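Each of the next two complexes has subunit A plus one other chain: subunit B in the first, subunit C in the second.
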Partner chain A sequence: MIDHKTDRVIRTVADLGMDKAEQVFTKLLKTSVKIEIEKVYMADISDVTASANGLDTKIIGASVDLKGEIPFKFLFYVEERDSMLITDLMLRRPPGTAKEYDKYVYSAVQEAGNILASAMAGVFAADFKMRLAPQPPTVIHSFTGAVFEEYVMSTAASADEMLIIESMFKLTGHDLKCMMYMVPLCGAEKLIEFITSGIY
Partner chain B sequence: MAKTVMIVDDAPVIRLMLRDIIEYNGFTVVAECDNGVQAVEKYKELKPDLVTMDITMPEKDGIAALKEIIALDKTARVVMVTAVDERESLIRAIRSGAADYIVKPFEEERVLSAVKTALGQA
Partner chain C sequence: MNSDNILSGQAPHLMTGADGNPIIVVGIADIKVGKAPHNVRTTLGSCIALCLYNAQMQAGGMLHLMMAEPPAVELAKGEIQKKAKYARTGIPELLRQMRISFGLEPAQLTAKMFGGANLLPNVTRNIGQENEVAVREILRGYGIRITGYMTGGTKGYKVDFDLNTGKVRCQLFGEAAQEI
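Now for the complex of A and B:
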C-alpha cells in the first residue's frame, strides 16, 4: 500500500504527462483528443507481468529507452486493430483506409510512442528538472504477455516497481484504449524521492 | 527547375508525411534515408538543395550526420526535424550549422515555412 504522499507524486506526474500528451496527440492526429486516465499506480513488476501473461491480446506498440540521471524504459501500446486508425489519422486519410499491418502502421505506432515518450521526458525536464534523452524507439507486434516478457522483465534485474498509466484516448467518434508504462531503471524509491523534492 | 530535397528519418510514416507536403508544394524529393550513415552517403552522391534531418535515429544520429554534411559542404542547407522537447539537441544542431528546425508533430505550414526559409524563398 503506497502512502498518500507517493500517491500524490505519481498522480501529479501522470496528470502533467497526460496534459502534454493530449496536446501533442491532438496536433499529430489533427482531431480533438481527450485522454482520460483510468488508473495510475506503482506496481510490483512481477505482479504486473503475471497478470499480463494471462492476457493474449495482440498489440502493436513502441518501446523507448529514456537515458538520464534516472533512466526509464517507456512502453506504449494499442490493440492491433486500433493501430490502423492511428495510421489513417496521422496520414490524414479516411478511417478504414489502412487494411494491413504494413510498414506505415508499425511506423505510425512507433512514432506515436516516440512523441509520447518525448512529451513525458519534457514534463520531467520542465517540472522536475530531470533530463531524459529519448533513444530511437523499437516497434513491437506481439501478444501482451510476450511483450512484457521481452521488454519489461528484461529490466527486472535493476528495477522492482513500475509506474503504470492506464488511459483511454477519446477521439472524435472513436475510443482508443492505450496503455503506457514507465519503468524507472534505478528503482521506484529513488524516482519518488527525486520528484518529491521538486514538489514539496 | 524545382529545388531538390532529401528526407532523412527512421520512421516511414514521417517520411511519407514530409514527402506529401514537400512534393505538393512544388519541390522534388530526390531521396529518402532512414539513418545518418545513409544520409551522408546520399548527400555526397546527390547534393540536394535541402535536407530534412531527424535527430534521434539508429546507427548515426541526425546531429552527427549534420556535422559530417556541413564538413563536406559548408553551404549545405539542413532543417532538423525532432520530437517535442529536445531543446538541447536543437541548440546543438543550430550551433553545428542547421538552418532551421521543425518540432514533431508538425503542421504543413511550419514545414513549408522552414523549407522556404532555408532555401532563401521566404
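Now for the complex of A and C:
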C-alpha cells in the first residue's frame, strides 16, 4: 500500500511530465490530447500480471528504459485495433489509410513512446536536476499478457512488488484510448526520497 | 472485463470462459492448482508455463516461472519469498501444492511445457531457452514425463489448460491455436 502523502508526491511529479507530454502530442497530432494519471499503486507482480494474462486483447506497445540515478521503465501501448488510427493521425493522413500492422504502425507507436518517455525525462531533468536518458524504444506486438510480461520482467527479477504509475491518454474527437505505465526500477522508497529531497 | 486498467490489480484471478467453465488465471511467478471443470490460463513471453496433470482425479496445476535459478545468495539464505519465480524452487512448490491439495505424488503426474520465447530483438541472452533446459532437468530428477510441449520462437503464447481433459490449447501470436 502507498500512503496518501506518497501518492500525492508521485502524482504531482508524474502530472508535470504528463502536462509536457500533452503539449508535445497536441502539437504533433493537431488535436487535443488529454493525459490523466489514473492510479499510483504498489502491486504484487503475480496479481498485477494475472490481470493482463486473463485478457483476450492484443496490443502494440513501446517500452523505453530511462537510465539514470533513479531509473524507470516506461510503457506506452495502444490496442491493436486502435494502432492504425494513431498511425494515421501521427502521419497526418486521413483516418482509415493504414490497413495493416506494418512498419509505419510500429514506427508510430515507437515514436509515441519515445516522445512520452522523453517528456517525463525532461521534467525530471528540469525540475529535479536529475538526468534520465531515454534508451531506444522496443516495440512489441503480441498478446496483452506477453507484452506486460516482458515489460515487468526486469523489475520482477529483483522485486516481488512494484510501484506502478498508470495513466490514460485520450484524443479529443476520436474513440481511441492508449495507456501508459511507469515503473521505477529503484523501488518506491528511493523514488520518494529522491523526489522529496528535490522539493525541499 | 474492463481493458482500460489492465494492470490495476483489480481484475479477478477467476473468470468464466465462453463455454461457461470457470477459468483460473495465472500471473508471472505464480502457481495455481485446481480440478475439473476449471481451466487454467496464462500468457507467456520468455517465461515458461509448466502444467502438471493427473487424469484419474482430473486435477492439475500450473507454474508460470520467470527464470531458471534463483540468485545463489538468496538460495543459500533461504530467503526466496516467491518460489514460483524460479524453476529450481517453483517446481518443488508446485509439487508440494499438488500433494497438499490432491494427495498426488510426482509419479502420478504428467507434464506439459509452453513458452520460452525470445520476444525482444537484440537481446543476446536467451532466457527462454535457459528456462526450458532447467525445467526439463528438474522434471527428469523427479521422474515426471513430459507428454507435450511447445517452446521457443519469437512470438507470445496464450495457454489454456483444460482440467477436464488435461489437454492444452496453445496459441502462438498471429497463428491458429493447437491442442497439445
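FYI, the second predicted complex is superposed on the first by the 173 of 200 C-alpha atoms of A that agree within 3 Å, B and C clash if a C-alpha of one lies under 4 Å from a C-alpha of the other, contacts with A are read in each partner's own complex, and residues count from 1 in each chain.
The rule is simple: a residue touches a chain if its C-beta (ideal position, glycine included) is under 8 Å from a C-beta of that chain, and two chains touch if they have at least 3 such contacts.
No experiment lies behind these values; they were computed from the predicted model shown.
*Asks:* Scan A:135 for contacts with subunit B and subunit C and give back first, second, both or neither.
*Replies:* First partner only.
*Asks:* Looking at the overlay, does A:27 come into contact with subunit B only (first), subunit C only (second), both, or neither?
*Replies:* In the superposed model, A:27 contacts subunit B only, not subunit C.
*Asks:* I'd like to know which partner A:149 touches here: subunit B for first, subunit C for second, both or neither.
*Replies:* A:149 sits against subunit C, while subunit B stays out of touch.
*Asks:* Going by the contact rule set out at the top, does A:39 touch subunit B (first), subunit C (second), both, or neither?
*Replies:* In the superposed model, A:39 contacts subunit C only, not subunit B.
*Asks:* When the two structures are overlaid on chain A, which partner does A:115 contact: first (subunit B), second (subunit C), both, or neither?
*Replies:* Touch status of A:115: first partner only.
*Asks:* In this superposition, which partner touches a larger number of subunit A residues, subunit B or subunit C?
*Replies:* C
*Asks:* A:58 contacts which: subunit B (first), subunit C (second), both, neither?
*Replies:* second
*Asks:* Please work out whether A:107 is in contact with subunit B alone, subunit C alone, both, or neither, and reply first, second, both or neither.
*Replies:* A:107: touches subunit B, not subunit C.
*Asks:* A:97 contacts which: subunit B (first), subunit C (second), both, neither?
*Replies:* Touch partners of A:97: none, neither subunit B nor subunit C.
*Asks:* Okay, in this complex, where on subunit A does subunit B touch?
*Replies:* Residue positions touching the partner: 20, 24, 27-28, 87, 90-91, 103-104, 107-108, 110-111, 114-115, 117-119, 121-122, 125-126, 131, 133-136.
*Asks:* Spell out the residues on subunit B that touch subunit A in their complex, using ranges where they run on.
*Replies:* The touching residues are 10-14, 16-17, 56-58, 83-86, 88-89, 104-105, 107.
*Asks:* What does subunit C use to touch subunit A in their complex?
*Replies:* That would be residues 1, 3-13, 15, 23, 25-30, 41-47, 66-67, 81-82, 84-85, 117, 119-121, 155-158, 173 of subunit C.
*Asks:* Give every residue of subunit A touching subunit C within the complex, in rising order.
*Replies:* 38-39, 41, 43-55, 57-58, 79, 138, 140-150, 152-153, 156-157, 160, 164, 166, 168, 177, 179, 181
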